[in-house]
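Please find one structure pasted underneath; my questions will follow.
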């Protein structure tokens, strides 16, 4: 039998996961214009809250998952309110914001480890995992859901940014914050909204990670880094770009470890990033 | 006593690393997250030359520094294309790649097995086996690193570095080929990192890839930001405080499982608070 | 004797010619005013001539050398220096360092083994004294007033000592006495036989200082000649008033 | 501004150093030989492997409480030092110096991954302090230092035993090997490859602590292997591997090393039928079962790695035995262990140290059947 269909399937699964984390990151970058590393921690929070409600409190997924997502959004809001908003008011450089977000990430990771211990946790499925034939490859139902969720969220974000008042306001801030303020957009409120949305999307990705592979406090950074790579090679700040980049990264990784040995996976991913930064710095979609 | 000496030695090693990194980040404004890879190159080069070829430490050290410098030249050439946060990201990428190489080029590095049994340095028949003598060696290294960094910082070169940090295109119009300066300072920073690596390898007498991850680079960034960007004494202060801090926490008597996390939390909080209230660090002369 | 010549010079951004087949020539020892409405390509011209933007077509002749591409670091070698419309100082450096940095060794090895000398210091002092900033030498550039920042840029250009100076709106936002200082600086330079190209909107100053003026509109040469005659022309006035 | 902050910081630093110094002084004033018997524990209390370290710590404490019920050893004090995430060499060395220099510990129980052990090993011989690791060790650790003992199972056997049994017991000729790129897994893989006479239709090294192994497994699937040997560095990646292997419809039987049997594997439905090479310890003995039950009751959770728990118990016990019979001196303890721990009845079974201070503890084949690990006859 041929290995290729499975490789394609694997790429699609990984692509969906990368998309989920990349979307929120790229949205925040599009408006706030800095690399928010704390984004990785938002995902982890979503996963762990859901875990607690599901396993420790024994609630139904219909409650646990939404609450987990909201919690991630809430944490994002708090971090924005206490750290990023003041810094932006001071017109700090985006390197300051980058370092601050790194600090915020480190704190959140440590706190999570204190609450839930460092031990790896995976979200339990009600019914046994079912495998599905998919383009000659095999994927699980969870992964199919992840794929659907990724594409739906991407679509939702695009529609939101294009067709709603808030969305257009956010796009305007992304284009030029000063102008946006002049035309009477409450940039601070919108910025908070952006971070909440980003956090919510991150939460979703954290929960899917919890279901598909499981989570531990440190999972945020590797997860985010893949998201960052995806966002950048796709064209950072661009929703379509995030999706494209995520799937491109996934394909390169999976076919890469098919031909090269698996232990070089990370090197492959970052090699791809550096190549893009060198030869197509604004990503696939931006010229 | 041995314990305090040990802590002092580690502080010295990190001071050397920080001095090198501060030239790159603090003076030139290049947010490098790759310092650990040159630290590792220095450590591995020394380790291999000592264990396989029984070379004298100081010769091995020089070769290690040279190797790190060559890699820095190549990596720096690529990195010179980037600015600010993209620079940070790309340099982080290189750190990951170098780390992966340490892990996977097993016929050179023995991969995760690591390289044990590295001999302590000897000079004219004198063996730096005792920790006290090694501490003296480390202090000498710090002194050298400090003098090198100070020489660089006070030269016209150092002034140009700051100007690059402030406005590179404008400086070019006044006759500076800024690429050369960025490469040179990156190489110097890497060379100092390699010096620290050689010390680390011969102090612990064992190296494996786990010491050269991106977390190490990030920790070093925290060290120089805490101590103060573009201030050399600040780098030493930062190294000392961030090495001493966790050792003090050993005596505070947190429940052991919390203590470890507490350390992480403190690092993180430190970074956030600094960025909020003192973005140039404690003794810093440059705001990111 | 020509200090500068451009032949069919082109600089375009995304297909739009910001500098459009521009051919001008500047006599040594003169002050040439470059005027034109905003967005007429004045600063783009200067940026292109000083190698901050690559040339997209045509040639430049600088002190006798014909160039198809201009490399910024070569400017001192061609005896060219400039100030910037959007003040570009080395903000987190002292006033003195801002000047010293343009005086000291620009070659990487030279710079590494050089400390600034008494000579450097003397030159810097002269330059800073002429614009009255010597007392402020210890202050960070970032902490200067807007006018002082403009003066520091002038000092930086004067200190490096060139044959051809581009001054890009040096008077904007200056107090009258500061303007006097800069005017004097320019006149001194001219008497020393240096060449100046001055971008300025203040027609009074243009009339006062310039031997010739060049009028640009949408990247093209609209008119050139003696200030009075050119500024009297209808099309020039229209271009300014946007008819 | 910067001057004020300078002075401020220097004050802070001075205070910190004084604080440290004082607390050290306090500890120093404790009489060394008289007074409580101090047993040091160096282990991992943060990062992914914290559960491992916490288990060693808990087991050691429980062992002391147990052995010292009647107070026959007087006061026994356990001093636990964290060596950071995946044992950080610098922290490990600091922890060692703190234990030996400040607390005057002569006997240490090692709960570190091998990189920490390797960093500390030369110091053991220098300062003549005895350290026993109830964790596993391969060639690297076994030969690291004279004062380093291993009463945990041997990585070498972890490689050779499966190789032999796959041939003799199961008669498989085409086998796939998936091995983490980590110190001990490389060691295990090395000895497996050497001992296995069939063909390795797929022999892949995978990056440790990753989450997505689907492509590696796709390679295995197409290789037509009759059995799959999973040799991961932790119980997390093995869980992914097994789960994802079954998801991809790989039916071939899976043989996993002991460490692959992490705390999560039993919970994973997909793990049903998986064979585990479990380190042997005296499971039959009621005393051992009682101890494990005591553990569960005290810490409200089963021991995540039971042979660590029993091994730690043995390490504590032989340590106390040695100290009380030859005094609190690293060298004497070292000699005692070499001479007296021969056919010594412990919770790990009958234990004997060879000349290099390593036991021959091996493995037994078990299988996961409806959520439990059962012995394969």
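Letters A, B, C and D mark the chains in the order given here, with residues in each chain numbered from 1 onward.
Here is the rule we go by: contacts are C-beta pairs under 8 Å (C-beta built on N, C-alpha and C of every residue); 3 or more make two chains touch, one makes a residue touch a chain.
Small disclaimer: the values here were computed from a predicted structure and weren't measured.
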* Asked: In the chain contact graph, what is the shortest path length, in steps, from chain B to chain D?
  -> 1
* **Interchain contact steps from chain C to chain D (minimum; 1 if touching)** => 2
* **Most central chain, Cα average position** => B
* To do: Using mean C-alpha positions as chain centres, tell me how far chain A is from chain D in Å, no decimals.
  => 35
* For chain B paired with chain C, centre-to-centre distance based on mean C-alpha positions, whole Å -> 42
* Give, as an integer number of Å, the spacing between the C-alpha centres of chain C and chain A. => 48
* Structure fact -> Averaging C-alpha coordinates per chain, one finds the centres of chain A and chain B separated by a number of Å equal to 31
* Mind pulling the residue numbers of chain B that touch at least two other chains? => 100, 103-104, 257, 261, 264, 285, 287
* Asked: Among the residues of chain D, which are close enough to touch at least two other chains?
  -> 46-47, 50, 54, 181, 207
* Asked: So which bits of chain A are touching at least two other chains?
  -> 113, 117, 261, 263-264, 266
* To do: If every chain is a node and every touching pair an edge, decide which shape results: line, ring, star, complete or other.
  => other
* **Every chain pair meeting the contact rule** => A-B, A-D, B-C, B-D
* Residues of chain A that touch chain B when the two form their complex -> 34-35, 83, 86-87, 92-100, 102-111, 113-114, 117, 225, 228, 232, 261, 263-264, 266-267, 270-271, 273-274, 277-278, 281
* Structure fact -> Residue positions on chain B within touch of chain D in the complex are 1-7, 10, 100, 103-104, 106, 111-114, 116-117, 200, 203-208, 210-211, 228, 231, 237, 240-241, 244-248, 250-251, 256-257, 259-261, 263-264, 278, 282-285
* **Parts of chain D lying in touch with chain A, wherever the complex brings them together** => 46-51, 54, 181, 204-207, 210-216, 218-219, 221-222, 235-236, 239-240, 243, 247-249, 262-264, 267-270
* Sites on chain C touched by chain B in the complex -> 50-52, 72-77, 81-82, 84, 88-93, 97, 100-102, 104-108, 110-116, 156, 160
* Structure fact -> Within their complex, chain A touches chain D through residues 1-3, 6-7, 9-10, 13-14, 17, 113, 117-120, 122, 124, 128-129, 131, 137-140, 209, 212-214, 216, 218-219, 254, 257-258, 261-266
